[in-house]
Structures are given as structure tokens and as C-alpha cells.
């Protein structure tokens, strides 16, 4: 890829559910090969912002977007852009693990490649192995790849979903509170996985857990009532917040 | 104290009264089974298993009754109905649950369900005067020109017959299958759709995931449609031609079904064995639909049961 | 995108577009018969509609004119008698399922109700024949008995669903006031659900109004007016079957007129029902 300094550039982004405006004039640039956390109280629009980055917001009936999101310098909301090709390049992991229960572990990971026309068994095998290894799941499942994806534990299911997103070799990973349904041990595994992923990808994670943001992210954005209140390096935002609202939030005085 | 006792007595009475009414379904089904067996006893004694494999139906002279051609007629017409009706019904179910905005989908579902409200005999009337002539003039000649080299599509074209009966059955089972499959598609959790959309799936690829998630519910819906087709009487009687023969010469030829022969001959059965044979035809029909329905209900319950909360959100 | 992926992407787009067209086409194909039937029934039935045909009985062979008056009367009487048996049994069963749903018996009742609703109506007709026709002969009683059995599972199901919609808090509020369960049910719960219950009854009536197979088995053809519960009556749906292909013009016209009357009645019930309730019943 050409050397754009930023993976995403969000410009004057507004988002709506029907008549209700949930994001107001968001401007932010997101770096490649780093973890960016989006924090804020529930209902502040952080999930919506995440879903605007891969055009998932618009699949909800009545949902609209105004403004630009540049991905590698190209506006993904351009009329000529097919959202299908955008989503193919940007992986997404959801709040609750959502593996396909009617498919085996192997098929769950391979589905993205199969959609894109990869049929060769060898290619699929190696891609599945690679993705499962990256997701730190390989050692736990390599002997029963043909078991149902639904037979795994919650934490394993979430890592399976991460592997599924990684298998198509995306350029960025979006994670929507990926640990909110998991226990502390599973959470720890996912967090260390996130750090590893940042060596190769732009990782954007939505979380309501400030400790988690502080632990895993390089940059943090604080969102409140649909507005981007503060955005900077995680260290600075937590140690030296410029906006009194941010300070109130991270010191736990509201939210 | 007296007040309390009165209260209990009222509650007890309510339980008893409603419980007894609810239990009547067992009595009804039990009585249906008993009465059908009793009514067909004469025929069962006389023909035994031969009734199911016999190919002669001669009330006038030999007084031999065999139902095999009726069974095959029923299965073939129902099979044609599924062949034509299932893809259309699945398409309708998908449009309603995956392609249409919610409000429009509610309105359209109502219109589709009107199809189920139209009486069978009116389908038959329409079949005789509209569908059969239309097929005879505008569809069957081309079908014959294209596929006439096979015995299935050769021979004279009357308009009515096996294929026409299958087509009218297909139309009649579409509302059943499409409204249940819409329900099972709608009950698929949205997280499944989002998962595959986020991988860069097109609408159709998303729909395929929805279908594979809902497949057992769809099988149940198809079985219910089959149950309806097998038991359908008047519309079939009015278009199939009602001729008892082991095999029709082609799909354009006349044939018979279990239900059609009952409708056609029941009031003309002049002696006990004849009547008993017709009741046994009813018993066979009953057992077919009983099996299909029990299977369908079990599958649908399993498929919808755990997702019911989502289905009616 | 790599070359092979680009080619594959075009194919996927093509398939996606093709399937979109096909599913919408399926909807159109499914709707054509509905509009064709409504159009045919109206255009062939309406020209013969006048006051006279609505109050005259069926003509005899060679007789001109005549009407469907006796068939309308007979259909209404049959439905009324069927309702006398079917409505109380159905509503009470529905109450049982909604109020005592926790009993094992309830799931069995629910299951067999669904199974019963799937039985072919002609089999129900034979059942009624073996019980009633064999004792009192072809009669409106036998027909009503068959139709009642068809009504019961429909009413049971809709009643159960209607009662379930009444919020638990309403029941609890009444029970907390020390009102007994049966009084709560009769005075409060049923009052809240009466629209839903009425809808279910209407739905069942619409369904049996169009039944002809069990009518054929239990009554056969009857040319006259109602003349006693142990005698048959005429029937609109059966008129259609018997006269659709008759050799006389005026008989065929009366078949279409019967179809129009029946369709109008059933459509009306369905539309009224739709306006009455927002909830959907299967």
C-alpha cells in the first residue's frame, strides 16, 4: 500500500438513526499498526462510530451517514465504492461471540476465503492454520477442527471469531467490546492477542472499560453524547486530560 | 373461611372445566382413529395388506378394491406441488424477511395469507375455468414441443390432469410454506447476518447463511405444506380428471388421488364393502397426514423453540 | 484486489443481482393467482348479482332463474350450529393452555391441537359420517359437528395467544387485591383479550365457511330451505362444486355467484380481523 500516514481519516462525520442524530461532526485520524481505543459512557455513539468505519452502520434500517471516512486515502462513502469490498478489507469482531453454529471450526475460519473464491484445499488449510495461530487458538483446537464452532467455550468462540476475521487478511480490525461477555482469564488472552495484532494491523477497539483501554491501546478517543471530546495518546489522555469532561469520566465521577 | 372455600371452589371449577375442554382434543383424535378403523374393518378383513398394493378398483363387477394407484397419484401430485411450490415459497419467505422493509413486509404477508383463506373449492373453480385453459393453450404445447420426446410430456393435452393438479396444489401450499419460512428466517439472530456481512458478503451470501441456520425450520415448513397437499381434496378433484389407472400415460393425462376418490364416490357407495373400502382410503390418507404433521410439528418446535423470544421481538 | 479475486467478485455481484431478481419474481408469481382468482370470481359472479337471486332457492332442472338464498341460509345455520359446539370448547381449551401452561398436559394439548389442525377436512367429514350420519342420517347436525372439529384447534390457538398478550402485571394487580383466580380471569383477563378471542372465532368461521369436502360427505346436495336439524341444508361452497360444470347456464352462473358471495364474506372477515388486531396469528 502507498504510504498514507493514517489508516483511517474521519472527516465531518454525522450519523443518524432515523431522525435521531447519534454522531455529530466527528473528525479523527487513526494510525496504522497501533491500537486505538474508543471510550465513553454507554449510548455515547462509540459503537456507531466503529460501525461507520466499515459501513456496517447503514445495514440497520433507517440508519444514515453524512461525511467522509477515508480508508488508505479513499473515501469509503464514495458513490462508486461497493461496501462489500470495503468490509472484505476491514475485519470486525462483535460484542458477543457469533460463530456460525451450523459450521465446523474449520469452516468458520475458511468461510471468508471461500466467499472470495478460494477453493484450493491446500491454500485453505494453510490460511486456516495461520489465522487460528494468530488468534492463539490453534493449539487448543488443532485436533478437532471438524467439531461445531458452537461447542467451544465463550472465550474460545471469541478467538474463533477473531480468527475468522483474520483469515481473509484484512488491513484493519474493528472490535466492539470484544471482552464484555467473557470472564477475566479469557479477557486477558484476548487483550494480549490485541497487542500482538497491532504489530501488523490498525486495531480499533470500543470499550466501556477504561482500565482495558489504558492496558491495550496506544491512542484513545473519548466520546460523549455523539461528540468527540478528546483524542490523543493513551498516556496523555489518562495522565493529563485537557478537557474537564474527560477528566471526570476517567476518574469515574460519571458514566 | 367460607369466603376462602368459595374462592377455592371457583378456581377448582375453572381448572376442571378448561382442563376437560382441553383434553377433548385427545378424545377427538382417539375417536377419529377408532371410528376410521371400525368403518374400514370390513375392507381390512377382506383385502388385508392387499388393499395397499392392489391395483384394481372395481365396485361394479368383481368388487375388488386396491388403493395403490390412489397412493401413487397422491404422492406424485404432491411431489409436483413441492417441486414447484417450495422454491417459490422460499423466495417469498426470503423477500418478506430479508429483502423488504418491515412495514411493507407486514402488509405483504397479509396479502399472501389471503391466499390461504380462499376456499379449496374456489381454487378448483378457478382451476377449471382459468388455469387449465391457460395451461392448455399457452404452456403445455411449448412444454410438449420441448420435452415431448419423454413419455412424461407426450400424449394428448386436455388442460386438466396430473400436472395441472400439481400446479394448483403448488399454489395452495405457497402461503403455508412461505409464512412459516418467513418466521424461521426472521428468527435467525441478527448477529449471524452481521458476522457474515462484516466479512464482505453480498446480500445473497448473507441470505445463504440465514437459510443454512434456519434449515430445520424450513424442512418443517415444507413438511406442513406436504401435509396440506396430500389432504387437499376439492381443488384436485375438480382438475385431475378422476380416472382410476395404475399409471397415467403422461403428466397431461387424468389420474386419481386418495382424497379425490372419497369426494367423488362416497355418496354413491351403494353397498357396505364399497363404503368400507372408501373409509379405508380415508384411513390411509389420515395416517399419511398424521405422520407428516407429527414430524413437521416436532421439527418446527425444535427449530423455533429456542429462538421464540427473538422471533416475536 | 488480485486478478482472480476481481473476476470472482464480478461473478458474486452477478449472482447476487440474479438472486435478488429471482426472489422478487417468486413473490410476483405467488401473487398472480390471488389477483386472478379475485378478478375472475368478481367478473363472473357480479353480473348475476341482484336481490332476487339472494332470496330465491336453487332452481330445478329446466327451471329459469332461481338463486342462492337457501345456500346462504344453510351456510349460516351450519356455521351457527358448529359455533355452538366449537367456540366454547375452543375458548375453554385456549384458557387452559394460557392459564395452566406449566402443566405437562398443556404441551401435549398444544401439540395435538396443531396436529388436529393439519388433518384433511375430508377425513373429519368421514369421522362425522361414521358417528352422526350413521345414526340420524345426512343432516345439518352432521355437517356442523364436522365443522366444529375443524374450528376447535384454530380457536384454541388464537385464544391462547390473545390471553398471553394481557400483561402479567394486570393479573398480579388483581390477584394482589385478593380477587380469586377465576374471577380475575373472567372479569379482567378475558376483558383485556376479548378482541383477540373474537378475532380467532372470526378466523375459524371464515375457514369453515369455505369448507366443502366435509359438507359433501355429511349432507350431500339439498335443494330446499332449512327444514329441521335432522335434515341437510344447502351450502354455498358445495354449490360451487356441484354446479361449476353443470350443463345449464343459470346453474353455472349460480356457482359463480356462490363463489362471489363466499369470497366476499371471507375477505371481509379477514380484513376486519386485520383492522381489529395488530397482532399476527398463524
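We just call them A, B and C in the order they show up, numbering each chain from 1.
Everything that follows uses one rule, which is that a residue touches a chain if its C-beta (ideal position, glycine included) is under 8 Å from a C-beta of that chain, and two chains touch if they have at least 3 such contacts.
Note that the structure is a prediction, hence the values are computed from the model and not measured.
*Asks:* Which chain maximises the distance between its CA centroid and that of chain A?
*Replies:* So the chain farthest away from chain A turns out to be C.
*Asks:* State the pair with the higher C-beta contact count; candidates are A-B and B-C.
*Replies:* B-C
*Asks:* Just by CA atoms, which chain is the most central one?
*Replies:* Of all chains shown, the one whose C-alpha centre lies nearest the global C-alpha mean is B.
*Asks:* Distance-wise, how many Å sit between the C-alpha centres of chain A and chain C, to the nearest whole number?
*Replies:* The mean C-alpha positions of chain A and chain C differ by 52 Å.
*Asks:* So how far apart, in whole Å, are chain A and chain B when each is placed at the average of its C-alpha atoms?
*Replies:* 48
*Asks:* Averaging over Cα atoms per chain, report the distance between chain B and chain C in Å.
*Replies:* Computed value for the inter-centroid distance: 16 Å.
*Asks:* Return the residues of chain C touching two or more other chains; collapse runs of consecutive numbers into ranges.
*Replies:* If we look for residues of chain C contacting two or more partner chains, we find 12-13.
*Asks:* Which positions in chain B touch two or more other chains at once?
*Replies:* 202, 205
*Asks:* Can you pull out the residues of chain A that are in contact with at least two other chains?
*Replies:* In chain A, the residues touching two or more other chains are 84-85, 115-116.
*Asks:* With touch defined as at the start, can you tell me which chain B residues reach chain A in the complex?
*Replies:* So the residues of chain B touching chain A come out as 101-102, 189, 191-202, 205, 209, 212-213, 215.
*Asks:* Using the touch definition from the top, list the residues of chain A that touch chain B in their complex.
*Replies:* Those in contact with chain B are residues 54, 56, 59, 61, 84-92, 94, 96, 98-102, 111-112, 115-116, 161, 164-165, 168.
*Asks:* Spell out the part of chain C that touches chain A in their complex, as residue ranges.
*Replies:* Touch list, chain C to chain A: 1, 4-5, 7-9, 11-13.
*Asks:* Of all residues in chain B, which touch chain C in the complex?
*Replies:* Interface residues on chain B, with respect to chain C: 7, 10-11, 13-15, 17-26, 28-29, 31-32, 35-36, 38-39, 87-92, 94-96, 99, 106, 108-115, 117-126, 128-131, 171, 174, 178-180, 183, 202-205, 207, 224, 227-228, 230-234, 237-238, 259, 262-263, 266-267, 279, 282, 285-286, 289-290, 292-294, 296-297, 301.
*Asks:* Please name which positions on chain A make contact with chain C in the complex.
*Replies:* Spelled out, the residues of chain A in touch with chain C are 82, 84-85, 115-117.
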